[in-house]
Amino acid sequence: MQKERLTAFSDGVFAIIITIMVLELKVPHGDDWATLAGLAPTFLSYVLSFVYVGIYWNNHHHLLYACEHVNGAILWANMHLLFWLSLIPFATGWMGENHFSALPTALYGVALLMPGIAYLVLQSVLIQAHGRDGLLARALGADVKGKLSPFLYFAAIALAFVAPWAPRRSMWAWR
Amino acid sequence: MQKERLTAFSDGVFAIIITIMVLELKVPHGDDWATLAGLAPTFLSYVLSFVYVGIYWNNHHHLLYACEHVNGAILWANMHLLFWLSLIPFATGWMGENHFSALPTALYGVALLMPGIAYLVLQSVLIQAHGRDGLLARALGADVKGKLSPFLYFAAIALAFVAPWAPRRSMWAWR
Amino acid sequence: MQKERLTAFSDGVFAIIITIMVLELKVPHGDDWATLAGLAPTFLSYVLSFVYVGIYWNNHHHLLYACEHVNGAILWANMHLLFWLSLIPFATGWMGENHFSALPTALYGVALLMPGIAYLVLQSVLIQAHGRDGLLARALGADVKGKLSPFLYFAAIALAFVAPWAPRRSMWAWR
Amino acid sequence: MQKERLTAFSDGVFAIIITIMVLELKVPHGDDWATLAGLAPTFLSYVLSFVYVGIYWNNHHHLLYACEHVNGAILWANMHLLFWLSLIPFATGWMGENHFSALPTALYGVALLMPGIAYLVLQSVLIQAHGRDGLLARALGADVKGKLSPFLYFAAIALAFVAPWAPRRSMWAWR
């Protein structure tokens, strides 16, 4: 099978995921600066997630560019990646609405971690289908670390958000 | 006519259906574990429907891969399939919100059954258009049962959910 | 310019319009038959609009199949058609929510009429761009009436809904 | 890399942005003329934004038609443009809901300005990637002013809306 419909379907899902997140920026009722300032955490989490999904689309673009044909395992590994990405708008919205409090921020970290794992699965399924000596394996082989780094980087940022912030908020909430 | 726009339009609708379902996972107001646990049934029904729509996209991909040209009847049989698939997010949301109670779960079963029937209609229209001796008929001929089985399988799972669970809940509700 | 991106963009908008309408079928809070029956008018108006947008996608597919190249006027005539089609979900939702009462049903009639006019504009812009003696003009020339008839037919159905129903409801509402 | 997936992804995002805006036209509860008239500002802001996003899609179509290959910088410059465009539905909805009052209208002006800047960035990245003497530079070179004018024109319209209207409303609001 050829990869055209796989990329077309994935582009559609990516486009919807990245655009659906802006729907969490709900139109508020007031029309003053305070109303606008109240949207700041939601807006910040939107920017963060837009960049994150953007990085995935970019990497997906590179990964499938080297791919020559698809099979059932690739279709499902790709669907698995899209599933975890589809949860990012929810995790983003929950974190934004709760002003980066502990549990929502931790869940956001999980929502960032799972697509990273799914991406590695898709990558290894693709390499298996094209042969360990194929063009794809050679194209990816050297920079697996390079491909992995943005995810680790972002997960670290997410954890950094959780670490200093969340305990303080939860302490405040428990007193 | 060529099939490119048919597959492009279908991919768009599939991508939207599969992504729209996550919108039923509404961002809750609390930020604790109880709030998260309350979302479990909605999340479960989302996973179930994601896999189900994913199976359909996979099969649609295989079915139209063998197709060489399209006509008016194929366009409408395809539209008919997309119509029933478009009701899955609603049925999923209703079942999830009512914690798998009787009527919503039964309706979910219907929502899973109808695309199965529409898929068989599309398949037979495609075979008719390409001739009973054509490549498509030969490609599909042998494994009609194979193509059918996932739908029966999933319908059975859905019914299994209804059978032990729903009566208990309704009894509880009627007392 | 080539027509690929025009059809890809249009397919995207068509796919979203046809799928967005199902969002008006809001997940209700109850889980019994009465709740389901209360959704009947919304569901009926959804079916009607799905078929209507489906007819437009079908005709758009045929129209642009004969088209060989696009220019600025064609891009904007197409955008104009998509604009009117994008209002159908709103008109559908308003009519469904108000159980086919007078003004929403009349507005629905307008929402069906305007894409018909926009379609004729797009058709004549396409013929102008390809020459009155070109392939497109010859392909469309004979069956302009045939292309027009579904719109008139559907507008008639819509008016038929308005005529006997709406006055009775409004009289009832005014007493 | 080839540009096919870049345009497919962008078309998807454009299609969703332009269609999502109509969701701000929320189905109202009444069914009379007053209800319909109350939607006028929301409808007006929808028309304005539809035309605006339409102009961008048109220009994006022309810009990438001349483009021969893409690289990482082009992918991100394009993502940057899509980010700002994705905020237009929110800005449109806020302005429409607040009947064109001062701050929302000013924010709408910003929402129109930012994609204009992002478009110029994308244009210069594209020229850089194709060489200052390349086909793209020659195709765009002469009419940079022509490409820029619609944005300035529309920003002027937006400011014109702000200028005479906003002070009056804010004075009224502060008394």
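Going by the order they are written in, the chains are A, B, C and D; count residues from 1 in each one.
The working rule: contacts are C-beta pairs under 8 Å (C-beta built on N, C-alpha and C of every residue); 3 or more make two chains touch, one makes a residue touch a chain.
Values in this document were obtained by computation on a predicted structure and should not be read as measured data.
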Interface numbering overlap (same over half, different under half) for chain C and chain D: different
Between chain A and its twin chain D, rotation from the CA superposition, multiple of 5 degrees: 90
Greatest separation from chain D - chain, by CA centre: B
Chain centre separation in whole Å, for chain B relative to chain A (CA means): 25
Inter-chain centre distance, chain B versus chain D - centres from mean C-alpha coordinates, in Å: 36
Sites on chain B at which at least two other chains make contact: 8, 12, 15-16, 23
Complex interface listing, chain D residues touching chain C: 7-8, 11-12, 14-16, 18-19, 22-23, 25, 27-29, 31-33, 36, 47, 50, 54, 57-58, 61-62, 65
Sites on chain C touched by chain D in the complex: 1, 5-6, 8-9, 12-13, 15-17, 20, 23-24, 72, 75-76, 79, 82-83, 86-87, 89-90, 93-94, 97-98, 101-104, 107
